[in-house]
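There are structures below to look over.
In the two assemblies presented below, chain A is common to both, partnered first by chain B and then by chain C.
The block that comes next holds the complex of A and B.
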């Protein structure tokens, strides 16, 4: 059970962290509004369930979260990235803070700040036998494998990697760099949106539901090496295990201390992260 | 239109405007102005995670003021609700503002034990008579000061009730999961004293901060201690999520709480996992004559057929008591405090009297178990003796 909990937790942190890492790797943008996608997707599910007069089914919720995450990614791209491009990372960072604050304020205004249950119907045996955790972990592994393949073996993946190296060169060769940028935001948003289901089921939906996951995911991004997707994935799984073990065997108050201690150790010994590399200009 | 007609129209317009200005300005200065009404302040938590508690109290206090104004032609009473957001510094500042700017001398609650404890020196210095319906920290009995009263019993009493109930079932090994604030720590300390004195053992006392997310691990940690009973002294969000996770993980250990289990968030988040959960709340089965009035107002407002939650009842009682003493003593809050200590009031929760420390004289406790009613819905039912 502990191992399963650690894997699920690790996958959740990794999913959110992959969004951070992808955006930084491709666009050199740190989007602090990224984790608000969890709340946005959760509330969209809540709204759809309310309008349809009942709870959602699992596939329905999955599609809604994917779509809501993707749309949120486009909105973030339009506000955080498009006006500034790659040349003003500080302005992008500040814009992402503003988007995050605005999203939370709007969600609080419309839905209130109380935590609500995720409106998802699941068969009791699925829930009680922990089959849901296994199902979610399996879906996550399939998605990560697909993304990994697409990143290394498709034209779009090539364009993403090329943009990460030299976006101007990519644009000058006739590739639509702006479309690639929006694509990266959509993928990051969709990945974050998907986490709304397990996080919402375990912790309910609230405007600030992404706070802690954002913190852990950002730590995983730095641990793995900024922009290094494989490193982020590994760091997410390590952090998930560390969080689970800390909450299981020590005080819940120490959970975040464990995260920061790990971060401090890695930064002190390998400032570029677990799988990052040092670049030198010659 | 000739010039004479135009002039006439201009003069008529000016007269109308002057008349309107006269009427509106003189109306503001009439002796029936709102400032003649007696004002009561209420510093609640109306935003953030615990807003549902504040809303319950606000509804109850509004009903109480409505009733107080309908019953008599004496000076009207108004109640002003403000939101502290659960921030101590803000609550303390609001106490000062209400006193200095609004001339308020009576406070219907400063919601939250930590906030009340923090603001106690200030409202005592300003001689603002404060009656709480939500603050249960045992420390308030001696740190609340002579201007502090509460219609809800101290957690010391609640913990005695919970401990006695658990021990009467033969549950001698307990785990306490508690919040880190004054309320959670106070209740834990009180229960530990009572429970161990009566032969029980606390196997573990685990702190659970607000906003905690890793409930599967927490449930595993609690279950590993193999308790006979789990006491949850955390807020409704954490309580609801813990109960849900515990039942999902097939941990069937009895779970007990106090008035924290009355929060709507808990019901929403725990869902059907709430079945079998046990809690103690103040108030015997005896209700005061005012309860019928409260019930009719509450049901008319909510359009639901259920009973008002605890803080609606305490809000109602606080407001009716303060309306009464404010009318009798006006600005003389010292005399009002003496009057509170020496009189018994008839409230929705029964007869209310106060001890010299401002605590309510406890009339009894209800032991409730969430169970399925005849229609299949979950609701708290009195426990079998």
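The block that comes next holds the complex of A and C.
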């Protein structure tokens, strides 16, 4: 059971971390509002369930979270990335802080700070915790495999990678670099939105629901190397699993301190990440 | 402690922190977004020294200087060579780490420092411990701003390679100023705890740190007057809202509305460069890229 929990936690952290890394890799943007997509998707589920007068089904919640995450991604792209672009990374980073602060405060104002239950009905056989974990892990593997294929074998994936290297060159060749940028935000948002279901089921929905997961994901992104998707995926899986196991034996706060200290040390000594490499310009 | 004294203490501590932050961000382009980590260190050290080791307050302040100075020197030496966005993230990592350590050691409620000898009233202590630092950092702004040092700061910020060629020890200058500002923030944290008689982990938290950075952007990163204005607005707005929203949950609504107002105002300032121009104070790219 502990191993299964560790795998699911690893997948959750990796999903959120992939969003951070994708945005940095393609756009050189660190979007701190990315964490809030979890709370936004959770509350959208809550609203839809309330309006429809009943709980949501699992596929329904999945679609809603994907859509809510995607839309939130577009909003972030329009507010955080579009006005500042690549040439003002610090301004866009500060703008993402502003979005995050405003979103959390707005969610608190509208829904209150109390934790609410995720409005989801699960079939009796899926409700068994172990089977739910297996289901979530399987869905995650399918999504990661699909994304991996799309990233390395499709035109859009090629455009994403090209934008990460030289966006101006991509634009000059006639590819819509701005659309690619928005696409990256949508994918990152949708990935983050998906995590709202397992996180909401485990902890309930609250404005700061994504806080800890976001921080762990960010640590995983740094450890794997900002902008390096494979490294981030591996670091997310390892870190999430290690956190779950460590939290069984030590205080979670102590574990967090160690993770952030490790993150600071890696940033200071190996900014390219533990699994990254340095590209030297000639 | 009266409400007015608490407001004055809050105002003075924020002002002192922002003026110090304004110095390192505005004059040297060091974007220390998680600078409040040092405020948390100050609180943590004073709480440990006074409540666990049962030592006197002057000794606690000395320990704060030693611990914060050593940590800032270590962090500065290793990290001030990093590119700006990496430095920002590292600064935040330090703040998250300190928040987690503080919570792990003393919990969300903090520690009561009632054992501190209090020969004077809170108002006098507040004025002494927090008012003097505000005056000191304000004077530093004026004096250094008019001296030849300001030219060295500007050169280090705008053309670090050229400044180094001219013999200005750019890295040493940046580390020195970063260390001073960090020790200053830690002392403010310690002084705040000593005046109020209680440590509060939320005051040194990452979220508050980001909000204070927003205040700095809103006021103008090198403008002492702008910082004073944004501090007063930040402290006054929730009180005004609480007064207007007469309900048992007024403080909850006021805090959230305050957060939204400052987030939106900072975004507008960033977007349209209304009150400040963040880009004017960004150091030249490519400096010290690892």
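Observations on the model:
Here is the rule we go by: the second predicted complex is superposed on the first by the 267 of 282 C-alpha atoms of A that agree within 3 Å, B and C clash if a C-alpha of one lies under 4 Å from a C-alpha of the other, contacts with A are read in each partner's own complex, and residues count from 1 in each chain.
In the analysis below, a residue touches a chain if its C-beta (ideal position, glycine included) is under 8 Å from a C-beta of that chain, and two chains touch if they have at least 3 such contacts.
Nothing here was measured: the structure is a model prediction, and the numbers come from that model.
In the superposed pair of complexes, A:1 makes contact with chain B only, with no contact to chain C.
Shared-chain residue A:99: touches chain C; no touch with chain B. Residue contacts after overlaying the shared chain place A:113 against chain B and chain C alike. Applying the stated contact rule after C-alpha superposition, one finds that A:30 touches chain C and leaves chain B untouched. Once the two complexes are overlaid on the shared chain, A:215 sits against chain C while remaining clear of chain B. Contact with chain C, but none with chain B, is seen for A:267 once the two complexes are overlaid on the shared chain.
In the superposed model, A:89 makes contact with chain C only, not with chain B.
Using the contact criterion defined above for the overlaid structures, shared-chain residue A:251 touches chain B and also reaches chain C. Of the two partner chains placed around the shared chain by superposition, neither chain B nor chain C is touched by A:78. Overlap of the chain B and chain C interfaces on chain A comprises residues 108, 113, 251, 253. Residue ranges on chain B touching chain A, taken from their complex, read 47-49, 51-52, 180, 206-209, 211-218, 220-221, 237, 240-241, 245, 248-250, 264-265, 268-269, 271. Contact residues on chain C toward chain A in their complex (touch as defined above): 31, 33, 75, 78-79, 82-86, 88-90, 93-94, 96-97, 100-101, 103-104, 207, 210-211, 213-214, 217, 252-253, 256-257, 259-260, 262-264, 266-267, 270-271, 278-279, 282, 290. Residues 1-2, 5, 9, 108, 112-117, 127-128, 130, 199, 202-204, 206, 208, 211-213, 243-249, 251-253, 255 of chain A are the ones touching chain B in the complex.
Interface residues of chain A facing chain C in the complex, by the touch rule stated above, are 28, 30, 79, 83-84, 88-91, 93-95, 97-99, 101-102, 104-106, 108-109, 113, 215, 218-219, 222, 226, 251, 253-254, 256-257, 260-261, 263-264, 267-269, 271, 278.
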